[in-house]
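Just so it is clear, A, B, C, D and E label the chains in written order, and each chain counts residues from 1 on its own.
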Amino acid sequence: MIGALQGLGLLAAAAGAGFFLAGTVGLIRFPDTTSRLHALTKADNLGLGLVVLGLLPFAGSLGAALKLLLVWGLVLLAGGTVAQMIAARVRGTEPGA
Amino acid sequence: MSAVLPYSIAAAALVALGLFGLVVQAAVLRKILAFNLLGGGVFLLFGVVARRGAGAGATADPVPQAIVITGLVVAFAATALAVVLALRMHQITGAATIAEAAEDGFPDK
Amino acid sequence: MGGLVDWLLAALVLGAAAWTLAAPTGFAAVVGFVGFGLLVTLAWVRLGAVDVALTEAAIGAGATGVILLMAVVRLRGGAEEVSAATPGRAVMVAAGLLAGGVGLALALAVLALPDPAPGLAAAAMARRGELGLGNPVAAVLMGYRGLDTLLESVVLVFAVLAVWSMAPDRRWGGIPGPRFPRQEAGPLALLARLLLPIGLVIGIHVAWVGAEAPGGKFQGGTILAAMWVLAWVAGLVQPPAIASQAVRLALVAGPLAFLLAGFAGMALGEGFLAWPPGLAKPMILLVEAAMTLSVAAALALLVAGPPERAA
Amino acid sequence: MSGTTPGGWLLVLALALPVGGMLLAFALGGRTAERIALGVLGLGTVLAGMIAAEVYAAGAPLAYRLGGWAPPLGLRLQADGLAAAMLLTAALVLLAVALFGRAAQATPPGVQEARAPFTFWTFLLALAASLAAAFLGGDLFNLFVALEMLTFAALSLACLDGRPSQFRSELRYLFFALIGSVLYLLGTALLYGAHGTLDIALLAERAGADLPTLLAAALMTAGLLAKMALFPLHLWLPPAHAGAPPAASALLSGLVVKAAFVLLLRLWIWVLPPVPAGAGAPLLAGLGAAAILVGSLIALRQERLKLLVAYSTVAQIGYLFLMLPLVLAGDPEAAARAWLGGILQAASHAFAKAAMFLSAGLVAGALGHDRVAELGGAGRAMPMAVIAFGLAGLSLMGIPPSGGFTAKWLLLTAALGTGQWWWAAVILGGGLLTGGYVYRVLAGSLTAPPAAAPRPEPPAQGPERVALALALVSVALGLVPLASFGLVQIGRPILGGAP
Amino acid sequence: MTGAQALLVAAIAAPVLLLAACLWDGARRRMPGLLWLAPLPGLAAALLAADTTPLVLDAARLRFTLALDAPSALLLGAAALLWSAAGAYASRYMGRGPGAERFALWWLITLSGSLGVFVAGDLASFYLAFAAVSLAAFGLIVQDGTPRARRAGEVTLLLAVMGEICLLLAFALLAEAVQGPSLAIADAVAALPGSPARGLAVGLLVAGFGLKAGLVPLHVWLPLAHPAAPMPASAVLSGAIVKAGIIGLLRFLPADGALSDWGGILAGIGLLTAFWGVGCGIVQANPKTVLAYSTVSQMGVTVAALGMGMAMAAPGTGMAVAFYATHHVLAKGALFLAVGLAAGSGGWRRWLVLLPALILALGFGGLPGTGGALAKAAVKPQLGEGLVGLLAGLSAAGSTLLMLHFMRRLIALEAGGTADRPARGLLLPWLGLAAAALLLPWALYGAAGLGDPWEALGKDPVAALWPVLLGAALAAGLARQDRWLGAVPEGDLLLLTGKARRLGAACGAVAVRAEALLRAWPIAGLALMALLLALFGVMLAAAA
């Protein structure tokens, strides 16, 4: 039996996967670095967030849930930093972009 | 045991890919990468062996697992050493391959 | 369903490997390799070897990826030399056939492995209690095959010294690696400040839980080393001069502690590298702590490379 | 078999001493490293002597069960005759090279610590530790770690001079050695998968002629051959060994390749069943024969002294492989002879080649070059070094009385005794070619110096004496009564013989 | 250890100990003056220790055996005498200084080997002694450091090493043939006829020893090396060192008819060598080269006698052959010393050199009354009959011709001024040795068990004389034919090796290129994988 929370979780995870897919398509199809970055960060951060959210109902303990949130937080932090650095680099090398 | 079949084949194929790359790739960096692929294949084979030996409450035989952990550290050390050698070679001679062997005798003063 | 996932994962691993070999640029190849490492990590999870998965992620993909990325930046150029040195078609074909032959023989040999597989899982599980360890992999590393681990930690010291010894004579005793400008503001500085304390805690945690659950000194030590590299790249810390006594001591602390514990076993227990009954757990944890320090120091210094600047 | 024997603690000390010494030398640095190295290597020689004596007295291998865990779960150290003999050889050569290095690798005055001396002394200990691990290890994966230690130590010693041309040849060495390591490791994976253990003694009981075992053996053998630089896999050896400073070259050529050979013997004589081993052995011996002939021929044509000596190593390694088909031929008497001959060849080559590299280094250092054609006057300026080279050369050629002669004599009679006369022809032809290149060097150094040449600076007496002492040991091995070599037979499996 | 056995040890130990003494500077400086002492224990051993019980040191292990049978004792005594006389000669001839010290070192090594081959009783010690005498002779030959000496030394060394290889293989076969671990020569010889590899072993023995003894076509080093060395060294090379080959053949080939087929072959080679030496010798200009070719010829006769003895299973062959060789040791050694003297003396004193030299020279042809005539008489049972007898006589005539040619070349050497007197240090050894060559055979003939010398000579004076007369007549006829001088270069057959050397160089170049290819990275990688698969395949096929 799946409870309502778990059902919502599944939905959220599926949505997250959708965002991942979109982000990946964007990464491959978009023309220049900044727009690729846009697709990647937005989709991945949101996608991962949704996946984590979706997994929370399945976490066995509070500790596990906190760990999941920590993973999301760390990825947000790292992803954000890297995106910033790439963008700064692009701005330095591709004038006009 | 069928679960290990894909990984067995992947391990064998990785070994073949790694050997191929090490032999034919000219750039040093690519050789280092190929070495790591080859090592990855070998470790994966240990993983297959470990998985096949699962039992007594262990999801995989711990002895091969420990061997892989040791092996990974050794492989990393080797990679680091190869990278340093490659960088120093590049820095001094500008070379990016090891195509020609320098026949080395006593340095002429 | 499970089978399909495994086939898919295996195919992805091979695809990433092929990309690593065939990628147009060195940078792309290294990125492909890091992706390969992460996929292999998943494969390890699927193979039930979470300890190895952690190590693969930390060292196989992470640390190796970092030094390769640093190398690819510095190894620019040489395209003509590379194409001149690339062997001709005949050699390519021969290499392909021979390598394929080796792979085929290997696949056949794996299929011919006996069923049920002989192994030591039962023995390793049964006797880990004598060491007070819940994690059988830790029992193998610190107990049954302690000598391997001892020698492996010595290999790391060898490697560090080997890397250092590649330096020019006049740089001996100096500071390894390039100098990164100190970043007061900006994303990297922020990341470093935020991540460092969390990373340190996680690293120590991973090392600590190794006795009972997946984790251990190598994985934890790698995380600690990664934190240090982050701080270094952000310009927050400088690598220490290699002449520094503290660095040397940090590097040998682990193997030396292990060695001394081994002799303690000779004096108190059943022999060299035996853990005295009753004292096993605390002694193991002590040695593991020293090893974590040494592993972290060694990995960080391997990433930093040979000394390049005067102290 | 798996229990600890009396005297087993000696094995622990023989391994732990250089490991601990290396760690301390690394931590304390500078001149202390040199002092530690000399002390540890001196003690190590005593230990190796005690181990050999203990094995000889007991007539059985020594063993030590580590941590109280019995194989297959645990590891053991063991010293049979082979290990004891090689350990003693290694200890003596290491000690001699250390004494040689006191002059050549001294930390220059006025500095706390310098790169090359510190690296040399620390890796000298590292090499001692690696060799002890490789000779005493009883588990194939433990031996893998030992091999890796050895590779790192050897590589760093080879790079000691830090010349630009070196990095490329060392990189070739590293890559080839790494391929070798990985293939070896692959073999251990298959063996563990097939037999659930990596302990050599247990594998000897369990291994059959099944597909995984045979492929594992082929993989591991190929890997070890790459590390030993058996022709045609020798691409890395000449530049690496010739480019290193003399003290390092002596160790690389004299000892490092022998460690892989001991592993090869463990694999072929202990683990592999006799039938497939007997089938594969002629292939390896054939490569050995090719190594002897081609290596000697190329050595004969070298223009650089150190390269000549390095190619001589390529050739001399070949002799080691000739013992395999003879030991595996199924004739117990011939097998004992060939076994002794092979190990004696390994030992006498270790001493002789170390002496050669040391004396070649002294000559090159004094003349300022090592062109074979221009060695004139060397004999007058440093007679001891040239005599050392000559004596070592006699041993390599197999001129009596020398260890090389006894070794080749034993292999020769074993070859004839088993009806494999073609190996005898190779042994003798190789001796002739060896004589050719040794003669070139000696004749060159005994001629008068060119009138215009500056008078070469005679080297210090100490290093010359070390080179001479090594050469004399290599010769003296031929005077030791054969019966006292019964040591090396201890612990050797007696094969039922191939049908 | 009995006193006699102690003498055997001393025979070898004396030169070795003197050699060891050279580690001290003072002893080394004095060594050239002491060389004459080194062989004296050997001489004593020859006189007092013949046929003593073999001395087996360390019976269980090294099998280090010393033994001295009667033929060996004969040769040992003569060789020791020559070494002593030549040593005394050398101390004056070589002077003092680093060159002489170096010469003394090589001299002592060679001496220890030269005497060692007579007393070694087991394969290992014999091989060791043989190696010492073969290889160390190089140092004596190249003493002068001239390019000619160096080339001669190189050819010698190369052939010596090849000879060593033949012997090593032969000894390995012998050791294999013996039941049990014994390495005693006596056991090996006894086992040889029954060995499955008999033909190969004997062939290798003949090649290895024949090379040292100068049998055609392995003689090429001898006419190069003997003239190139300093006089005293030439004397021992031609007198004593070649006998290492003779004693080897004597001791290793059973004379009891067990190898009669090989006896015929040896006799054929010996006779060919005897004539070859004469033919090449009479067109040489350098008297030392003439002497060297005479040595070749004489060794041919010696081996022919041995071969016939083997073929006929004639009793006493060993003794007879040893006696023949003994005379050659003394006489040929003396003549080389004479060459060194002839140039340095003038006026009437020259005749102190020339006259004894003429008598010795004609002795080789069998001039009645000389030691040479007795030597001829000794091998008469082997070489006296039928066609072989005729050929032996003709070779004696050839020897006479050759030696007269030698005398002409010796006289043609530029004489010193009338006031030049030969140094006493040179003259006395020469005269002593010449006297020994003439007289000792008379004393030894009976002692060697060959009978009464007077009776032997009186038996058939015509048969003994015709070769001398024929040789003299030929010599007179050829006296003016100097245009042939130099028609055959020293080392005759070596001419043919030029092509072989070019071929060798080409092979070497190919090997170098092929090896360089194998060192290319991808090729080595392919080789590694191919080797792996081949090994796997071979083992799999064997297991299946």
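In the analysis below, a residue touches a chain if its C-beta (ideal position, glycine included) is under 8 Å from a C-beta of that chain, and two chains touch if they have at least 3 such contacts.
In UniProt terms, the chains line up like this: A = Na+/H+ antiporter subunit G; B = Na+/H+ antiporter subunit C; D = NADH-quinone oxidoreductase subunit J; E = NADH/ubiquinone/plastoquinone (Complex I).
Keep in mind that this is a model prediction, so the values were computed, not measured.
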Mutual neighbours - chains that touch subunit B and subunit C alike: D, E
Topological distance between subunit B and subunit E, in contact steps: 1
Common touching chains of subunit B and subunit A: C
Central subunit by CA centre of mass proxy: D
Contact-richer chain pair (by C-beta pairs counted) among C-D and C-E: C-D
Most remote chain, CA-based centroid, reference being subunit A: E
Rounded Å distance, subunit D centre to subunit E centre (Cα mean): 41
Whole-Å separation of chain centres (CA-atom averages), subunit A against subunit D: 57
Between subunit C and subunit A, distance of the C-alpha-averaged centres to the nearest whole Å: 27
Multi-partner residues of subunit E (each touching 2 or more other chains): 519-522, 525-526, 529, 532-533, 536
Residues of subunit C whose C-beta touches two or more other chains: 87, 91, 95, 98-99, 102, 105-106, 110, 113, 117-120, 124, 144-145, 148, 152, 155, 158-159, 162, 166
Where subunit D touches two or more other chains, by residue: 73, 141, 145, 148, 152, 155, 159, 167, 172, 179, 186, 190, 192-193, 196, 211, 215, 235
All chain pairs that touch each other: A-C, B-C, B-D, B-E, C-D, C-E, D-E
Complex contact set, residues of subunit B against subunit C: 1-21, 23-30, 32-34, 36-37, 40, 43-45, 47-70, 72-81, 83-88, 90-91, 94-97, 99
Sites on subunit D touched by subunit E in the complex: 172, 176, 179, 183, 209, 211, 214-215, 217-219, 221-222, 225-226, 231-235, 272-273, 275-280, 283-284, 287, 294, 297-298, 300-301, 397-401, 409, 412-413, 416-417, 424, 428-429, 431-432, 435, 439, 443, 447-448, 481-484
Interface residues, subunit E side, partner subunit D - complex: 58, 60-62, 124, 127-128, 131, 135, 145, 150, 154, 157, 161-162, 164-165, 168-169, 172-173, 175-176, 197, 508, 511-512, 514-515, 518-521, 524-525, 527-529, 531-536, 538-543
List of subunit E residues in touch with subunit C within their complex: 522-523, 525-526, 529-530, 532-533, 536
Parts of subunit C lying in touch with subunit A, wherever the complex brings them together: 186-188, 190-191, 194-195, 198
